[in-house]
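So that you can tell them apart, the chains are marked A, B, C and D in the order they are listed, and the count of residues begins at 1 in each.
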Amino acid sequence: MMVMLDLLLDLLLSPWVFVPLVYPGLVSAFALLLFIIWAERKMAGKVQMRYGPLYVLKPLGGIIQLVVDRIRYLFQEPIVPEEADAAAFVLAPIALFTACLLPVVVIPVGPEFYAFRSDISLLAFLALSSLAPAFTVAVGWASSNKFSLIGGLREGYLALAYEVPLVVSALAGAALYGTMDLVEMAEAQSSVWGVCLNPLAALVFLLLVYMETSRFPFEISEAESEIVMGPFTEYSGILYGLCMGASYVKMYALSLLFTVMFLGAWHPLPPPTGTVLDPILPGAVVFAKALAVMLCGTLLRAVYQRYRIDQALKISWHTLTPLSLASLALSALVGVA
Amino acid sequence: MSEAEERTIELLIGPQHPASGHMRLVARVDGDVVVELRPDIGYVHRTVEKLAEVKTYLQVVPLVERPALADTANHNLGYVLAVERLLGVEAPPRAQYLRTVLAEISRIHSHLYGLGILGIMLGSSTAFMWCFNDREPLIDLAQELTGARLTYSYMIPGGVRRDLPPGFAERAEKVFRYLERRLKDYERLYFRNPVVRARTEGVGVLTREDAVRLGVVGPNLRASGVAYDVREADPYEAYPDLDFHVVTREEGDCAARMWVRVDEIRESMRLVREALSKIPDGPILHERFSKAIPPKWREWMEEKRRVKIPAAMVSLRIPPGEALSRVEAARGELTFYLVSDGSPNPYRMRMVTPSFRNVVLFRHLIRDCRVADIPAIYGSLDYFPPEADR
Amino acid sequence: MVCGLAGTVMVGELERSARSASRWLVERTPLRTLRDWGTAFSLWPVHFTTACCGAEFAAASAPRFDAERFGFLPFVGPRQCNLMLIEGTLTRKMARAAVWVYEQMPDPKFVMAMGACAIDGGIFWNSYNIVRPAEILPVELFVPGCPPRPEAVARAIIELQKRVRRGRW
Amino acid sequence: MRELAERVASELGGESGESPGFAWVRVPPEKMLEAARMIREAGLEHVKAVTAIDRPEEGEIEVVYHASSYEPGRRGVLALRTSVPRDDPRLPSLVGVWPSAEYMEREQWEMLGVVFEGHPRLERLLLPEDFEGVHPLRKDYEVRTA
């Protein structure tokens, strides 16, 4: 019996199971979802001179407000409209959520603790993360509602607009270290972080992360005041919980990538404590930095209004794409020196 | 279905939609471009004109305020002016000053309400929260003067119901200094925000000729360069002896309408300061009604500085006649046309509210613009549906 | 997690038994109190201003009276909300819209009538275009006042939360 | 405004007068279009209010247009009034002369049944559909008073 337990423990702690399941995978994503939306509402409240959610758990400032919202979604009646295509209506949000969470598998946790390593792991990440807009369009089409159709199509427009410069600026980041393997990239940043080498690529990448996950200045596919909730208008209950969580999880994945590529993944390396947690400690540093990036992303909700879709497209095509090409040239220069 | 019909879809931006208030906008949309928009109003039509014919003159005072809840003082003032012109009565000077003070305070917090709605329509919940938070000190000022948050019913034919509480001017000064400081923060976060400028400048342009031809009123008219304000065109109450200059802008787009409202807030603050400093002493109710009050109540009135409404005013009978009164409400020019036939109830009360005269702008302004421009233009018009439907 | 989805995907006998199983499970006291506690602290009113009391409802969620402290977040779509606030007079045209929005809302839903006009017509009681919300919608709570003060709206929210937590709905 | 009212009254054979807040001129229904054009040339380019008053004892409905102008100097209000028989209230629509009267004429048609011929969109504005043919602002439409 004890042998079985050890075997199970080893299996759980082995990278192939631990990474997708616990750290950068499912459990941390859900925990983060609960925390980040609460943090967003509290920060927006602070900026707007008010409390934000409080009386749920008064001593801790209402930190479990999102747990309460999730419980309500859980017990709410999931309505499937007749004229909607029932199968697509239910499966599309699930596919959307997984498509947003999938790229996280590629992120290395520690110098020798990773689930997936190859010399083109950056391209694998970008390929997986470009699946999500397709499912958003499917969500928009499946709920057969004019507003959600428009929302889905808008997501389609935006997907084209932000994928191209995103890939170019990511390649610019990779060109700094001459490799596409995330682990080598992390190792190469031990002395100086990627941001100092090529700040332009970092800035463009960050802006596009906000556009991809419809953060505030570019919250266009689910623009509240024009097309009610965008593609997610017809969803209620836990299906809506999934859809709303999907954009936050995609932001989680992209900010992890941003940390690994530009913010010096796990440097400065925490001292080894010799316990079984030893390989996972660098992951905690990466998680902390990714969390910081996400918090300032969610603060934008309290600061900015919303662009029109043609203005957002003009911004991405006219300014961000040339900028990302310039960053590619800059990193070639820096790489050589 | 012609080919053009084929490609357009009809969007019902209905009563339950963040960008439509209490009405339905039927928009014919081709892709992201709005081909044509038809407003479908009447969702808050509560038949004020018909009810006025079965209520006495004094009972109509609270009825007239309900449609424009964000700006009740000016509607109350408009109706009371019409009754006074029918009676041939003038309120005493102190009452006129008090009316002007309350009208301007109500204008400031109504403009803040409009700017808050424009903020949430553009997508920024911070602008909405800030504007609605900065309305509260002004509502407290009005509550101190009249006792109610929004529905004051402060003005009665012949005067006002309460006198100025002591120390009102200092508190008002404190609130205005706070508001001026806040307006500077608004400029950085809201009015000069690059996203707001991108969304509002050059959007929904109303040329000067169209504004005059369509009979538009209020800040929407003054934003297109027409210097018309009833407080200066046909001055009433205490406005003749306050130096007041009309605020106008030339561009006529959403940003100009927003800026006219901001400058009018500053103008109103200056007017209230001046009115509070120049307010004369004297009675606050016309002697035609105050002599009808039994002497015992009259000392109570002097001592409590409040008015007890005499029986003569409740069953007021006005000889047959008609009168028209024009008042500059926060959203524009408000016209009351009152016809009396000697009975205690008005024979016909015609109330044309500013929002009803701005309804024509929807069809005219929101044409071949983007879907995202509909909330921007709707918010900049500061259109209050209950006031338009009456 | 399972009971939420059971109603939609399965077919025939399986669906009926899964539905009755999920109802039995939810009616048990520990899960029931959890559901009531969850619903109580996350009452999202749908953005549907019916008349002029909307100004005071907005003041109730503005920073000074901040209704979001109770988890009361005015939300946009009827599908995601579980509370409908009739703010003020309900005219005939708006009554039809109110019934449509009420039917679109998912199951545990409550209606609160705000303002004297929503209770019994208020100052417009004898108008020919007015409908009493109690006649067409199952109203839980009436908030008196014309317009009710934001404190009254906050008091009504707390009252509704107590009632939901006790499970009487 | 008073002399403009006299000029219009003398030319079109109507009568004019003064009331608190505005001057008025009365013109028979068929001369309304002509009087409106004359007032328009005089510079009053928009209408502040269109009111229809139901007078059952005289058996007629009185329609009053309050016209005015935004330009300085001409900001007084001149009312153009006429009366039409109560059972068949027909009147040429003045939207051609004053576009700002469109919504108000539509509302008066809906509330009192005054038909404005030539109005571009004479259709329902405020009342729900089941008010077909019923005109609430008429005096014979009772409202509960108890």
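In this text, a residue touches a chain if its C-beta (ideal position, glycine included) is under 8 Å from a C-beta of that chain, and two chains touch if they have at least 3 such contacts.
Owing to the predicted nature of the structure, the values given are computational and were not obtained by experimental measurement.
Pairs A-B and A-C differ in how many C-beta pairs touch across them, and the larger number is found at A-C.
Using mean Cα coordinates as chain centres, the one most removed from chain C is D. Our note on geometry: chain A versus chain B, Cα centroid distance of 46 Å, whole angstroms. One finds 33 Å separating the Cα centroids of chain A and chain C.
Inter-chain spacing, taken between the CA centroids of chain B and chain D, is 25 Å. In terms of their C-alpha centroids, the spacing between chain C and chain D amounts to 45 Å. For chain D, residues touching at least two other chains, in rising order: 127-128, 136, 141, 143, 145. Within chain C, the positions touching two or more other chains are listed as 62-64, 76, 91, 93, 126-129.
Those residues of chain A in touch with two or more other chains are numbered 48-50, 224, 228. Chain contacts here follow an irregular pattern that is not a line, a ring, a star or a complete set. Applying the touch criterion to all chain pairs gives A-B, A-C, B-C, B-D, C-D. Taken together, the chain B residues at the contact with chain A in this complex read 9, 11, 17-19, 32, 119-127, 129-130, 133, 189, 193, 195-196, 198-199, 370-375.
Residues 41, 45, 48-56, 62, 65, 68-80, 86, 90, 224, 228-229, 232-238, 240 of chain A are the ones that touch chain C when the two sit in their complex. Residues 19-22, 45-49, 51, 53-54, 64, 66, 70, 72, 75-77, 79, 98-104, 111, 124-128, 136-137, 141, 143, 145 of chain D are the ones touching chain B in the complex.
Chain C makes touch with chain D in their complex at residues 91-93, 125-129. For chain B in complex with chain C, the residues that touch the partner chain are 14-18, 21-22, 42-47, 50-51, 54, 62-63, 66-70, 113, 116, 128-130, 132-133, 135-136, 139, 149-151, 386.
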